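Next up: some structures, all given as structure tokens.
Note that subunit A is present in both complexes that follow, paired respectively with subunit B and with subunit C.
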Partner chain A sequence: MRERFLTGYNDFVLPFSLGLIFIISYCVVGMIRILHQLPAEDRKRFFISLVTPATMWKNIKDIFLKCLIHVDIWKRNKLLGYMHSSIAFGWFMLIVVGHIEVFLYTPHRVKLFYYPIFFRYFVAETESTMRGSLIFFLMDLFLLIVLSGIALAIIKRVRSVMFGMRRTTNPSFFDLVGQYSLWAIFPLRLLAEAFTADISGGSFLTKSLNYVFTSFLSNHANMLPAWWAYSCALGIFFFVLPFTRYMHIPTEILLIPMRNAGIKIRNARKGFAKAEVYSCPSCGLCIDACPMGVMKANIKDTTVYLNRQIRRRNEARIEEISDKCLLCGKCTAICPVGVEGDKLRIAQRSIRKYNLNPDYSNIPADASGIEFAAHEVTAPSGRAREKILYFAGCMTALTPVISKAMESILKKAGADYAFMDRDGGICCGRPMFMSGRFDAARMLVEKNTEIIKASGADVLLLSCPICYKIFREKYHLDGIRIIHHTEYIAGLIADGILKPSSDDTKYVYHDPCELGRGCGVYEAPREVIKSVGTLVEAQKNRKESICCGGSLGSLTLGFDKRRAMTENALANLVTESPDIIVTACPLCRSTFNRYSDRPVEDIAETIDRKITKTVKS
Partner chain B sequence: MDFGFKISPSSAINLDKIDLTMFEKLHEMEPDVYKCIACGSCSATCPAARYSGMSMRKVILDLQRGREKEVFSMMKNCMLCGKCTMVCPRGINTRHLILSISKLYCETK
Partner chain C sequence: MKENILIIGGGIAGLEAAAMLLRLGHSPIIIEKSDRLGGHVASWHKLFPDMTPAKDVVDRLTAEASGANIFLNTEISFVNKLTDSYNIMLSNGISIITKVILVTMGFSLFDAAKKEEYGYGVYDHVVTNRDLEQWFNGKDDPRIDNSAMNAVGFVHCVGSRDEKAKNSQCSKVCCITAVKQAIEVKQKFPDASVYCFYMDLRMFGKKFEDFYISAQRDYGIRFIRGRVSEVSENIEGRVVVKAEDTLSGKPLKVTLDLLVLMAGMVCGDSCTKVAGMIPLPVDSDGFLKSKDNIFDVMESPKEGIFYAGACTGPKTVPETLAEARAAALDIHLYINGLE
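After this line comes the complex of A and B, so read on.
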């Protein structure tokens, strides 16, 4: 080992050093601002979680698996996963091994932060020792891995279909500058190290390159321009980083511990929301996922563009994008960094000012109409005997066939039930919540809570997933169990209280957004359907199920524009040519029914039709 | 004095005396308001109708007749449930219309 320069300095380190100082100070200031914007209790919770061993370990694990290895992208597409982890992990390892080299060979230079990056220029090392050759080999190996990732990234720009992406994001100007400088860094590093390979040593990549292009690469007059170019590429990348999508690299490291601490979006633009917006890598996976993107429409209204417009503070576009969304939550479900597109949009809606605000103080919270045991109760004692309060909800009121089927099932099960809103009731508050008017939604929640508590019920049964979601998340009913009718029916069948007959009809189940992605109920409806016939799956199902297009989430989408979405969702459902489409949401049912070429049923209708004999205890 | 009957106040509307600039603004934002055929499907499904007499049909008609006070008291109980939008045979996005009215009109005028 021999140091080539006593000073350990050359002017070419300047672009890199200045860039690094800039980006580190930018990130530190940004982090302090985001933490400062958090509400005090959230900030406290965040700091406590940082020193709690369980979350500490989870943070380290998540940062390693998500930021470096990109496991979520691997699960999606192997090639896309390799592309991301090769660049991220390869680059990380280059930095780590570079530092190890400095610690091993020139410990007195540790304080020079540019030394590991330009080590080959400053230090000549022999590859004849075991240690030297191993490190040389590792450095070249990781450089090769990164280069392969860069090559894939270039191919992806041209043919994204190879990576499982039909559409990708349209890069902004700064994104392009950042991208080209990032692509340039590693080939330039290879070139620069190949120049010094005959002086400072190298391995299979740099050394071989030096031998092959010996007339050019052994000419040391060309060496400095290559090192300058390498340093400039790094410098440019660092200087444009805050204005590009690559800002997700540092921000995600902050976002992961914040999420693990249980922090939620409280402000539309500040704190956690800001961290999410800046964590968006503009990968564009949400573009293919968005149900509004049928026939290449509304592509610019996907979450990736929402994040971009929020960063640009383009209020007109932010409003347009956030009002149009169906809030199906699919972009959130597939996002590899966990940006919550639906919640971000609800937060944007919540900052609108309205002159007229609702006031429900005149609505009586009247539970006197709710009477249990108004009919014969034959169910065996125990769980089946609980007092069940059935809340049909607004959407079920428009599809009375579902509430009729539910009542019939409840009767056949001999359950003790009562209707909460047979003659019209108060809305659950979820539509109000989705339009961002939290105070009004809270008033509705309070009214309903009062009625339910006064009714003396044990169980609140819902057949609308839209209601179900807000009941689970925002209502505090003190021990009253809240269940969706799919779970209730699955329970009755499992307990042997209902015995539906089975035949060979082929059913396909459509996961409603609010029930599947919203509440995580995937298995219960499938078990129920399996008990009456053959269940086939849609092409995209469970957390990737496609919204029917009828969602109440969208404020601006008109009926004419939703038709294509519904037809696309239907085409996805019928790939296995089922006889009947079954869903568990009154809104999906009526939306599909409008354009479907085969019967569409709610799961309650299906079961009610298949129960011929009732079990009496 | 209670005579057991009363003369109901005149419901005649003098369109010359009504300022429709607000409604014109609303029409610019929501061109669909003129699509309404006043069929009343929205009124029939509305869950707030029981409490404040909310009726989208009436809201649209009343706004064109300068009877904003009635509109405000009706809209107080709207829960944005979206049933009116779903049943509208003309495909009017009544939910967004309600939000636009809430944004545009001001009670203290």
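After this line comes the complex of A and C, so read on.
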């Protein structure tokens, strides 16, 4: 390779160079701001994690797999996965191989950052460059891969169903500018390189195209507009990037190490929350996932639009979107970049000021009514003999059939149990927490902690997944095990203490949001159901389970709006025509029960019904 | 040849319409899915506001309709639409070809177990308005103590005016039924405290208001405005009710020997099923849709198909009877018009 120009410069590099300088400065400033906004301890933790070998390796791995290969999208839909990784990985490889070219052939130009991008313009091929060498081939190959990705992206805009997406996001004006410039970059690169391929060399793609061009465009002066256009497309893309969804590309590289460092949202708009908001690629996967989207309603209230409105600082819409959400967490579960839609919304809710702030300090934390060994304890020693404190919670109090079944199971198991809130108890704090009123929630948590610790229990048993989540996450109970009744019953069956009878009834299990996505309990209830009958699965289950519509999470959604959601969730459950719908959340149970055409039960009722023999020691 | 007239449902609407049609010279056919006539009213004890025995009403209607062709224990298997008539196949194997159908399939009582928070089917002393009526009629109920009762509560609007329970309509008659049943309980157990938990009291009918005032003045029944928030059971198995008295703004907790749930009316199960066969449209309230809700309440949008009674919405006994007579007259005129 030899250089064609003495200076190694042409005016057409300007749009690209200015754009690149702009975007790099923007990202650096943005990164410093986000890191600066973190609380001091989080910042410290972040920097430490950057030099800890384990997280360092995880960061590199995650960035490679998520940002370049997009493994999560591959798992979801192969075509969508290919589209993303072909563009991201292909482009990345074009840059890498481009740099290798410069290192190999014109090492003295390495300091010119634009040189690898426009390398083919500045050089001419000589005998010593081995025509059709591997590098030329690789460059064309990766360009072809990127072009195939771009072609798919264009098809996706028209027919997103092919990519497993029923609905996609409405692009904003800047998104469109960014998108069109991104789509233009690679065809223009092909055009520009094809023009110069007879001078600078090329491979199967550029060289062949060059033969076509020379047949009617023999004048090399024509090449300059193509290179200008290529540079302009790059420049425009870089200049609009901060105002488009493509900002997710640089931000995700920051988000991944922050998340690996264990940083959580502490402020609704700053620090980690900001990183999450800017990491949103606006892909719109959350639109299909959102349970509020039945009948094409509430589409503009999904997480992707929340992120957009937060970026635009549209306070009225932010509030509306944040308050409406059911907090089922499905958007978080399926988000390929890990934007936590539910937590972001709770954070927005926490900004609001209330005139009235509850004071729970005068509620007595009284554990005197809790008496163990009030019933005959016949369970064998060991795990079954532990002192179990049963906290039904307010939702179970409103569904007494569950607490009654649970008490019956405890008796049949001969367990040593006590009822913590038979005659009314203190709220677990989760509803306050969900509405962003952390201080009020904390007061309730402290009161309950005091009672539980004073009771002398070994295990805290819960029936309501809403309570269960906050007990697991926010309570520190010094060694008292916290379990949900699905896990407790599964344990009793596994230990042979309960022996339910089995028949050929077909059950479907509905994963409650708070128990499944919220606490990761998927297996225990399924094992329990398999011990009494045939388990069939809902069309969408486990982490993609559909919210029943009864969630406490929404502050504004009326029952008239929820009805369609409940009916949709039910339709999803009965595709395998089960005889009975089983769930493990009092709220899901009562929500479904009123709309269902077949019986809806809590898992405790099912098991209680199927156990006739009691344990005798 | 006389036209066949098929009356689906042998409740009070069907019987009264049949009696009227007989008097007008027609020969109606009544099909009834259960083994007796009179529908819901037959299982009731006394009717407001004059405490008329329900049995007398049903007996009189049955006697008047006895000239009709009545099939008990019979349901509709399927319906075929012919050019200008319907071929209706019955579960007893008989098929009827008719140009005129009168739908009098009435309502179903809301399933109180669907309001889990009240513990129907879970707690030992929670019953519905119908359970109580049957107990009044002398049927023993293990949930109701025959000998003594100190405190009884009535919960209004169970499954009525409740979007969460999939029924946002007012069931119309439960307010006055609760007043009536409260008085009857008080008559049986004069020392018992009787509470009614209501959100509104809708005393719209003839003498209803007097009845309500008498319940307070003469029987000392306590009306508490506020919905029940939680029902639980104490160690002795008595029912503990928590509610808010919204007039005094205070929370309240009472322990009761019996809690009666005033289950509301929803469109009958078989009504919805048969409506699907013909098919007849269902209105947004879940009941059958009339051609017009002011002028043509008793006419369906389908030619030759008429309605009477609670299949188009909650109604009192006199309203149902009036509708049945009106529908009979409509049918008479319709048949005359056919010839």
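Everything that follows uses one rule, which is that the second predicted complex is superposed on the first by the 607 of 617 C-alpha atoms of A that agree within 3 Å, B and C clash if a C-alpha of one lies under 4 Å from a C-alpha of the other, contacts with A are read in each partner's own complex, and residues count from 1 in each chain.
Criterion: a residue touches a chain if its C-beta (ideal position, glycine included) is under 8 Å from a C-beta of that chain, and two chains touch if they have at least 3 such contacts.
Note that the structure is predicted; figures quoted are calculated from it, not measured.
Q: Once both complexes are superposed via subunit A, do subunit B and subunit C end up clashing or fitting?
A: clash
Q: In the superposed arrangement, does A:Gly496 touch subunit B (first), subunit C (second), both or neither?
A: Touch partners of A:Gly496: none, neither subunit B nor subunit C.
Q: A:Ala397 contacts which: subunit B (first), subunit C (second), both, neither?
A: A:Ala397 sits against subunit B and subunit C alike.
Q: After lining up the shared chain so the two structures overlap, which partner does A:Pro53 touch, if you call subunit B first and subunit C second: first, second, both or neither?
A: neither
Q: Just subunit B (first), just subunit C (second), both, or neither: which does A:Tyr595 touch?
A: A:Tyr595: touches subunit C, not subunit B.
Q: Once the structures are superposed on A, label A:Phe559 by its partner contacts, choosing first (subunit B), second (subunit C), both or neither.
A: After superposing on A, A:Phe559 lies in contact with both subunit B and subunit C.
Q: When the two structures are overlaid on chain A, which partner does A:Leu444 contact: first (subunit B), second (subunit C), both, or neither?
A: First partner only, subunit B.
Q: Examine A:Leu356 and indicate which partner it touches, taking first as subunit B and second as subunit C; both and neither are also allowed.
A: First partner only, subunit B.
Q: Return first, second, both or neither, reflecting whether A:Cys427 touches subunit B, subunit C, both chains, or no partner chain.
A: A:Cys427: touches subunit B, not subunit C.
Q: Check the contacts made with subunit A and report whether subunit B or subunit C touches more of its residues.
A: B
Q: Now for A:Ser435: first (subunit B), second (subunit C), both, or neither, which partner does it touch?
A: first
Q: By the touch definition above, which subunit A residues appear in both interfaces, subunit B in one complex and subunit C in the other?
A: 397-398, 424, 558-560, 590
Q: Would you tell me which residues of subunit A are touching subunit B in their complex?
A: Touching subunit B from subunit A are residues 323, 352-360, 362-363, 394-395, 397-398, 424-427, 429, 431-432, 435, 437, 440, 444, 550, 552, 555-560, 590.
Q: Applying the document's contact rule, which stretches of subunit C touch subunit A when the two form their complex?
A: Touching subunit A: residues 114, 116-117, 119, 121-123, 163-166, 230-234, 240, 242 of subunit C.
Q: Using the touch definition up top, name the residues of subunit B that touch subunit A in the complex.
A: On the subunit B side, the touching residues are 32, 45, 47, 50-52, 72, 75-83, 86-87, 91, 93, 95-96, 99, 101-107.
Q: Residue numbers of subunit A touching subunit C in their complex, please.
A: Residues 397-401, 404, 422-424, 558-560, 563, 586, 589-590, 593-595 of subunit A touch subunit C in their complex.
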